[in-house]
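First chain A sits with chain B, and in the next complex the same chain sits with chain C.
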Partner chain A sequence: MSPQESKRYRNVKVDYLARVEGEGALYLRIDKDKVEEVELRIFEPPRFFEAFLQGRRWTEAPDITARICGICPIAYQSSAISAMESIAGVTVSEPIRALRRLMYCGEWIESHILHMAMLHAPDFLGYEDAIQMAQHHPGVVKNALRLKKLGNDIMTFLGGREIHPINMRVGGFYSVPEKRDLERFKPELEWGLEATRELAQLLAGFDYPDFERDYEYVAMRHPEEYPMWQGRIVSNRGLDIDWPEFFDHIEERHMPQSTALHSVIKERGAYMVGPIARYNLNHDKLSSDARALAKEAGLGASCANPFQSILVRGIETFYAIEEALRLITNYEKPDRPYVEAEPKAGTGYGCSEAPRGICFHRYSIDDDGIITGARIAPPTAQNQATMEEDLVDLVPLFANNTDEELTWKCEQAVRNYDPCISCSVHFLKVHVDRR
Partner chain B sequence: MHTPRKPKLAVWKFASCDGCQLSLLDCEDELLAVANSVSIAYFPEATRAEVDGPYDISLVEGSISTGEDAERIQMIRDESNLLITIGACATSGGIQGLRNFANVDHYINTVYAHPEYIHTLRNVSPISQHVFVDYEVRGCPINKYHLVEVLSAHLAGRRPNIPSYSVCVECKRRGTPCVMVAHGTPCMGPVTQAGCGAICPAYNRGCYGCYGPSEECNTQALSAWWTKLGVEDADIARSYRSYNALSGVFRREGSRYAKKAAAGATNEERRQ
Partner chain C sequence: MGIRSITLFGVGNALRGDDGIGLVLARSVGALSPRRFTVRECTGEPAALLEQWSGLDAAMLFDAVQSGGPPGAVFRVDVTENPLPGAFKQTSTHGFGVAEAVELSRALGVLPARMLVYGVEAVSFDHGAEITPEVAAAIPEVVGMAARDAANWTGEQFPPDPETDSPCTNTV
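Right, the complex of A and B next:
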């Protein structure tokens, strides 16, 4: 992260962007206060998942694609399972649906707390990392670790382990829990609600840059609930599609600087996925307590400041904890942990709301259940064009700052999206060049 | 009084999913204690602070798949007193090792519109194929308590206590009835190194081998068992060719059954 000056341009360079998942760099060339060139370079080595999925069994896709990302494996497992179940024509029972949503709540809590408290909050408070932050804010870090553990404990209980859980399958689960075992989580979830409320109040006091842009938000929307793994794909500019129509509207472009593919909406260009997009499109589906907490934290029914994504993650975490409590209270153990599913030739689509935005999968299989084609649009690749556009508009606001300050602000702007570079590869360093 | 200097810890990433280094941040109860006993000198996933080498301990995640990475691992070895690989990618190539069995040019054309932008080596390889590795922590993902144990053992100057026996031993200890004997569910437990806690059988599913081969395992005997259970040759090959496909006996057994499956398919065609 060493600032550099060139003769013509002001150079600020970060070779390896920290506190994000995976390997990437950012290069900005600035002439006075105008960004001439912005390039979010992804140098995470390509791993070719779509290619080696071909020839594998359809039932292997959830476990294999989980390995795309150690931070949001449930998102990959959910999208792959939905796609395969749609091919086989399988519908799962209400308790299975509820357990999957509970599993997803665990991932949202774990991933959101990791990003809010350990990766993003240090930017606002001026620390290099959470461990440094813990020396001055021990209570905040301690509570955050306990909340993170709560999310992980839910995933470990339902899934066998928190990273690459082993219990979800096409048709349901290998094994389903007793209600009394789930109810043991209730006291810690009740504590979590209050701890998250306190965290949201702390986040509400942060100094947010006065920065808003006019985004196209894309998220899932479900008639009854805040979206996790079911619902149509909608936007604030008229996109309202079912999963099979995804690639009719979304185009993936392959840029020279990147082993990830940039997604754009064919008709309109860059769009935003993730917590802010979900919140803006589904505010009415939050619980009244979550909406009240958002209001208390200074958020309206929609938010256009990407730096406030941390605040929206706080609201979503509160909601996920409430939702986990509700799901556990209503849970009745199903008669069978899964329904048998038989393969048949066809193409299936799956989508789910990873903590950082929609994770889209498409698979084709043959009559024997062998995968003949796979295509995956991970959330960070979908946000990449928007992250670059944010930086173009952000730099003029900080043009009078030192190179070190500007560099840190640009890093923070990228971290607004909780980018998962490992995911997008199929993504970060910051390098700013100034005149 | 002389206070001993805290060992400098660095965490490095190659081709991987980030899950194994996330395991360190997932040690919620131990994280602040670990941070007190070592100096975290380089760990970009967690901190923007960087301290130059040399490092006392380097944790390496991921496998080598580009020319630049093959050079970077040499630099890391030169700067590290102790080099520990964490996870299946670093110790055996990981899931992306599957591309070694296929034509990489076809893979690039499958995933990317502009193959000319992609620079990659023909084969994926584990870290030990490039540099001397002091200790390997297995698993996809690793067990976070193994990581704490390896770090604690190093700080205490003793050998880490990590199992090298098979998953079967963990099932017996856990009191899980054998899924293969009781339900006829194909299970890789007999040939897979313990360490996960035998979670798959405890959740009514067969082990899928994510910790790689156990010491002195008999893969041929297991494959014969699977055949008796009615598993097709191609599926036996797929099971060995998964998260540790490039690992010694798994590689050999996977190739043996891939060839059998291919020959079987040819015979089938001849009959038709």
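Right, the complex of A and C next:
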């Protein structure tokens, strides 16, 4: 960081915004206490996944798109599989549905824990990073690592490996486990429930900035469960659509500063996806224990403070562990690991709740099952406009702080969204111009 | 009594060109003495690394690095004494990889009592590519270096002298 001062401008430049994934920069131009201009500049090269999916077999989409992210591959696999199954008219059995949900629980656990304990908590405790935090809170970090491993182990067991798992396919799984093998996770999951409860209590004690905005929250909603990979797409302002209608309401805009697309709701503008949106739109679908933990941690039925996303992640992690236990208890091995599916020409849509928010896919295939078109809206791209708007409102609250403090607060505000910039394609440098 | 067992961590992806060098090195050193070496192949996921090396007496880790130096250049760091340089921080997810796993282990007091990290400057991470000739050329040097370090730790020579080496009795 190299703060400089002149009569008219104060410039703050951070060459590397740590604790996010991907390559980009944040530029702020500030006149006294007013933000004149804010840009999340995404300069990581485009990755062209949508282009090189064309010409590939329809059954390859789940494994190819899983490569977009090492932290949330299940989200990409689930959305791609749902889209292809909708084209083929495949309905999977209840045990397959449950195993997919269990995989998703593993992903939420490992991704949320990494972000909460290793990447975001240091902001609130005043440490540069998790390594410094570990020197003062070794118990918290050890438990977090053990919880992350629990999530990874579920993904490895069901998927063959924790990064880019290889066992999910259109129609089901290549191989499904015996119930007795799944049950070996129970003791560690029971431990995880208590460890997450303790973590949520720690998070509840953080000093959160007094900052709330009037957001449009967008998440999936399922009639019977907290959403992971099934459900309609809804918002708190009347959006209530099935997947094929996504691009009727959501517009992706190319911004000159970014290789990611900015998503907006056509009628209204920026919106928020991710844990807070899910929580606010699905609080009634959480388990009673998860709702009680949320209440104990000081959360109501909805939350409008993006800095408290870390706390909501804690509640969702608790829920994911509970849900994993429930799914394992109820699991019965299916007769067949997958349903045969035949391609036919058509367009299919898939959506699932990645840890960071909805991950939307659309594919077109021909009669031979060759992909002729692909479009993917990752969660970080959908949150990009909201992150910028947060900064516009946040900066005046900290205008009297030093450049260093203001920059830290802006980075923290970006980290509220656990941005996976290389999913949308990215890495952050922060540059602040003040006059 | 000298060290009886050394765990070798090979970090990388065999399908991404030079990223596979860590795996090849761990296997090559491990082949010198299956009796003394245990080979673990890893993606570099820090929680898994930390769990696997916690409590070990002796560990060696092999990885590809990107420092901008000449292709095939060899690094050797005693991480019980020094942090890993920036060259080891390139290929992690969410800014969290081998270097961070080492420092986190140090902070938590679970770093192996003896731990050496060997790196080779990589050139290409292309999908499906072979390890480039410049990087592969470093294999004998790194294996020889690790064999000498292992000899210092154990008081034995690698590969073992067939005249004096007792039969292998453990399985990995």
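Note that the second predicted complex is superposed on the first by the 431 of 435 C-alpha atoms of A that agree within 3 Å, B and C clash if a C-alpha of one lies under 4 Å from a C-alpha of the other, contacts with A are read in each partner's own complex, and residues count from 1 in each chain.
Throughout what follows, contacts are C-beta pairs under 8 Å (C-beta built on N, C-alpha and C of every residue); 3 or more make two chains touch, one makes a residue touch a chain.
What you are looking at is a predicted structure, and each value in this text was computed from that prediction instead of being measured.
Superposition model on chain A: chain B and chain C are shown in a clashing arrangement.
Taking chain B and chain C in turn and counting the residues of chain A each one touches, the greater count comes from B.
Using the contact criterion defined above for the overlaid structures, shared-chain residue A:Gln54 touches chain B, although it does not reach chain C. Once chain A of one complex is fitted onto chain A of the other, the partner contacts of A:Arg268 are absent, as it touches neither chain B nor chain C. By the touch criterion defined above, A:Arg253 reaches chain B but does not reach chain C. By the touch criterion stated above, A:Met118 is placed in contact with chain B and with chain C alike. By the touch criterion stated above, A:Gly70 is placed in contact with chain B and with chain C alike. By the touch criterion defined above, A:Lys32 lies against neither chain B nor chain C after alignment on the C-alpha atoms of chain A.
Looking at chain A, you'll find residues 18-21, 70-71, 114, 118-119, 129-132, 134, 141-142, 145, 148-149, 152, 161-163, 420 touch chain B in one structure and chain C in the other. Interface residues of chain A, counted against chain B in their complex, comprise 1, 16-23, 44-52, 54, 56-57, 60, 63-64, 67-71, 73, 114, 118-119, 128-132, 134, 141-142, 145-146, 148-149, 152, 160-164, 166-167, 169, 174-175, 252-256, 258-259, 261, 337, 408, 411, 420, 422, 426. Residues of chain B touching chain A in their complex: 13-20, 22-23, 25-26, 28-29, 31-32, 35, 40, 44-50, 65-66, 69, 94-96, 98-99, 102, 104, 106-108, 110-114, 117-118, 120, 140-141, 196, 199-200, 202-205, 208, 210, 235, 238, 242-243. Taken in their complex, chain A has these residues touching chain C: 18-21, 70-71, 114-115, 118-119, 129-132, 134-135, 138, 141-142, 145, 148-149, 152, 161-163, 420.
On chain C, the positions that touch chain A within their shared complex are 43, 45, 47-48, 50-51, 93-96, 100, 103-104, 106-109.
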